[in-house]
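Two complexes, one shared chain (chain A), two partners (chain B, chain C).
== the complex of A and B ==
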């Protein structure tokens, strides 16, 4: 297991390297002179030169890159071009909102998706199965921002049960997490169903039935447990996609998280913040994938020796 | 990855070998698709939407950008089927314009992604070695980003606008096509007929273009269809975030974005209809993709 862990970790190194180069080059990919772009439209020549020095843009590319990595490692992400606040502080302030939104969404959607998938697989081609799968394909196709607006229209504007923006109270989590989790629940239901359908045909399931075990034990213990291996992988991957989806949902609910921060930074051309956020999002995604891989190795010992 | 028209996959007894041969890949494809009623219905709905969208300028009394300050924020009625917006523009006419835009964005972005992906996948699978390593590492990195984030990053660099949205969506469609074609190429490269073509002196280009590429096309068609739904969702998301087309353009995501504030003031029709349009279109593309997959390439179901 330890060897497997080390191997997975080492495989991450080149990917992190390439991503860091991309994110580093991001500022240089801006059309025109980056220092001039970053200094703003009304900047004097002296301002531009000061900006160039402040961001090390007057040094050679390799030197700049080494400096970039050193700053990353020491968590010195620079200061916002707009407010002058350290980017790290801004991120730490926005992080809890995004974190709780993701966790709440993942929690309800995985549980709900699993149950729906199992019921569908158990009663294949029944009315329940067909309705669950119609709901699932709708969940994948519905624009998440529209679902959010619909929920807001009904539950906030008409019924007045919830607020329409911000994260001031735990009840504010309800609508955004339903919105963000809908797509995940749909994917989980479809995926669990197909994994269960595969496993349900296996010999050991037949043996379990032949032993006279109760149906509930056969389904929830013998079948689901084995079907869970691919399902856990999928759940972990979905967490990564929640990160991407949260950017849009945060915008709908004016959620004070990392996604809103990113969009605001892009709108104000605050590229120091954008750069830091892109790096954070990619690292988060990679680490989640790593965690999923490791979990997979724990559940299924065969994969460690590949 | 089986070629589209392998005779052994047709149901025995439904046709003689002669008729099967004259039917060709397209006929075979059509025959199998006809058996999927949901997919077929989805395709007809899409056709209807797009036909109407192209006919709209000649049929509807209002254009998508006709201002009417005497009739702003009207609810749906016989004259304005989906009501009017804050400038008195007819929302239905704007929706139809949005349909054309969504189709344009969906097909061009996925088309560009597919074209580059197919070439990269063919070269990587056929030549292997360093070309393969570089192509696959690049696609690993592109896969390492959630799609929306990647698109946002690209638009952040290039700036908002229609063509930049298309580029962003194309780039994030590219790696999947490269992988699909690469794995098909790897399998077909070793087949007897490719060996025979090589022995007959065919050049690499001819082998790749005429003997390997057609064999990977069924998987590409399936994925292309499924991808269009995702692309429309991503493009409308970008517009909703204010990173896509100009907010004044009649595009579904942009309409939703401006509609949000009016919705909070009680004007529900500004958000319900554009969202419904996206939902129906994406749903139909996904159902069509599901049907094509079942009909053409059952192996894809596992991925």
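== the complex of A and C ==
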């Protein structure tokens, strides 16, 4: 397994290189000139040219790309075009907020999604099944933006139970993580339900029942464990998305995370920051995928790594 | 619901003993801060947050009138090439450095030094030299006459840094000024805090212990923060949410007529807009009163000149804008466009400008003009209008919506960039490609003197000519709005869109 792990890590290197080409080209294909935007609306052409020189944007694209890659290798992510702050420092400041929000959202939505999915699958076409699935469809359909503002209006402005926004306190996690997790919980519930429904028809489940095992053991040990593979894959993917920072939710809740940082960077065409964030998100996805692959073996010992 | 809110609030107030004890004022701003060096910024949020930390030589009062700040007197020579300022005595920077003529010289030379690449360098490219003959006198010599110099000095970016801090290096995150508040902490993207400066030269101020600013780009969140008492001031209150604040007895809406005149510039490189009858028809067909209701929920006024009433040297023009669809149709007929034509209108993609687009499309259809509207994302719009490869001859738009606010409060910085020939995009902001000798002459004439009467006369001439030529559909003068907790005073919204808080206080 260790060999497998090392091989997979090494395989990431060419992938990251390919990603770097795409990220660089994508970012530079965006319409909009950072010098123009940063110089401001009332700036004259002379101001813009001064800004371009100050930002070193007057060099050719290949030259900029070579420097981008060289900096990546040395883990120097450059400095923000907008603020002049090292991008590494900015990301380290924003990462914890996004990380904790992702963990909180994923935690409650996985627990909730699994329970709802199992109950639905066990009692198919019952009232509980239908209500859980209606709830799940609502969770996917409600625009998170609107749900966030609604929760804020009720629980912060009207009831005063939570602060409206910002991340000063652990209680500040409640509203944004509910908002962000709603969609994930819904996806998890539906996924768990369909995986369970497939597995519950398998012969070994019937055998387990025939052996006289208690229904609880049959459901949670024999069925769920085997249904978990697609569910874990899905959870991993969702975690990857969450770690990318939800731009909308972070903006609504004034969350000082990667999503807020990304939207500001895009608005101001702060290429250096956008590039660095996209590279980070790609890396996160790759690592989560790897972690999910390793988890398979723990969940189902029949899976072997070679 | 309103009852519930009020009771909840009363409970909170009772528990905390009301606002009287809170000596920290919290403010939610509409944008993130870019830098703490106003000399290197183009953004009102940066000017506003640093207003209490730094002082300018000359400042604006609430009505954009010039008032002494670090300079107590100023005078100009006849041809507006030399300006002499007398400085306030007994002022010290937060780091203990004395404020004197040498400090002013260091700051103005920094602004004039084009190699610094500061955002505001180009405002000072006419400065030739700065002299400090004694402790309290500064003489500014210009390369060419510039009658708008005093207003330029009053621009919110023209602050006085401690010369010691400038020598130390980076002032973008270490602001040292002379204001009633000193810089305490900045967490980019999260908050910015300033605390009272006990050694401020005017012993009457400051009256609060600290002011904390939060960048909150989301409109609804900003208002929620005010209504749940997390902040006491919301800077930039969108017109559509003003009702939520106004309907609650504990809060008030501050509203000031701004300096921004919104127009839809008519691209005069297009054949149809070269005909004055067509331009007149476009102004006649648009109902400006209805525009204000649709776009600003009534918070604004109908323009009476190319520049806003609060801008210096504004002169109300005759005839006032009016709506007459019949006459507009006749004019189009006379111009040979009775069946109308197709136009493309550009604007930004924010909700306010999208409403403008929809409204104009509907209004123009009354004279058979078929409008294609194009809402553009901010940076994309900048690129397409002001990018270095923009070609005035081939640019596609027929009408371009835009609002211009002269941040110096002076007519020059509205008429010159927007209506003079030298202002053609992409260089400045003349999106109509309007070019008129009378206007160009008057704008140049007004800059060649510092005599207010002569300048007023020249600007009156320019305004009259532009009003007659109608190179744009004049749409609205917007209001600058803010939300405030009742009992907080001295935090105010300025017509130029910035905010002042030096005289913040909490009523007992």
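Here is the rule we use: the second predicted complex is superposed on the first by the 238 of 306 C-alpha atoms of A that agree within 3 Å, B and C clash if a C-alpha of one lies under 4 Å from a C-alpha of the other, contacts with A are read in each partner's own complex, and residues count from 1 in each chain.
To be clear about the criterion, contacts are C-beta pairs under 8 Å (C-beta built on N, C-alpha and C of every residue); 3 or more make two chains touch, one makes a residue touch a chain.
These figures come from a predicted structure and were not determined experimentally.
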item: Chain B versus chain C as contact partner of A:243, first or second or both or neither; value: first
item: Chain B versus chain C as contact partner of A:262, first or second or both or neither; value: first
item: Partner chain(s) touched by A:39 [first = chain B, second = chain C, both, neither]; value: second
item: Contacts of A:85 with chain B and chain C, given as first, second, both or neither; value: second
item: Which of chain B and chain C A:48 touches, first, second, both or neither; value: second
item: Touched partner set for A:62, first chain B, second chain C, both or neither; value: neither
item: Contacts of A:22 with chain B and chain C, given as first, second, both or neither; value: first
item: Touching partner for A:94 - first (chain B), second (chain C), both, neither; value: second
item: Common interface positions of chain A, toward chain B and toward chain C; value: 30-31, 149, 152-153, 157, 164, 251-252, 267
item: Complex interface listing, chain A residues touching chain B; value: 14-15, 18-19, 22, 26, 29-31, 137-138, 140-146, 149-150, 152-153, 157, 164, 194, 240-241, 243-245, 247-248, 251-252, 262-263, 266-267, 271, 274, 278, 281-282, 285-286, 289
item: Contact footprint of chain A on chain C as seen in their complex; value: 1, 4-5, 8, 12, 32, 34-35, 42-43, 114, 117, 119, 121-122, 125, 172, 187-190, 214-218, 220-221, 224-225, 227-228, 230, 377-380, 382-384, 386-388, 404, 407, 417, 426-429
item: In the complex with chain C, residue positions of chain A that touch it; value: 30-34, 36-37, 39-51, 53-54, 82-85, 90, 93-94, 149, 152-153, 156-160, 163-166, 251-254, 256, 260-261, 264, 267-269
item: For the chain B and chain A complex, residues of the former touching the latter; value: 137, 140-141, 144-149, 152-153, 155-157, 159, 229, 233, 236-237, 240-243, 253, 256, 259-260, 263-264, 266, 268, 271-272, 274-276, 278-279, 282-283, 286-287, 290, 301
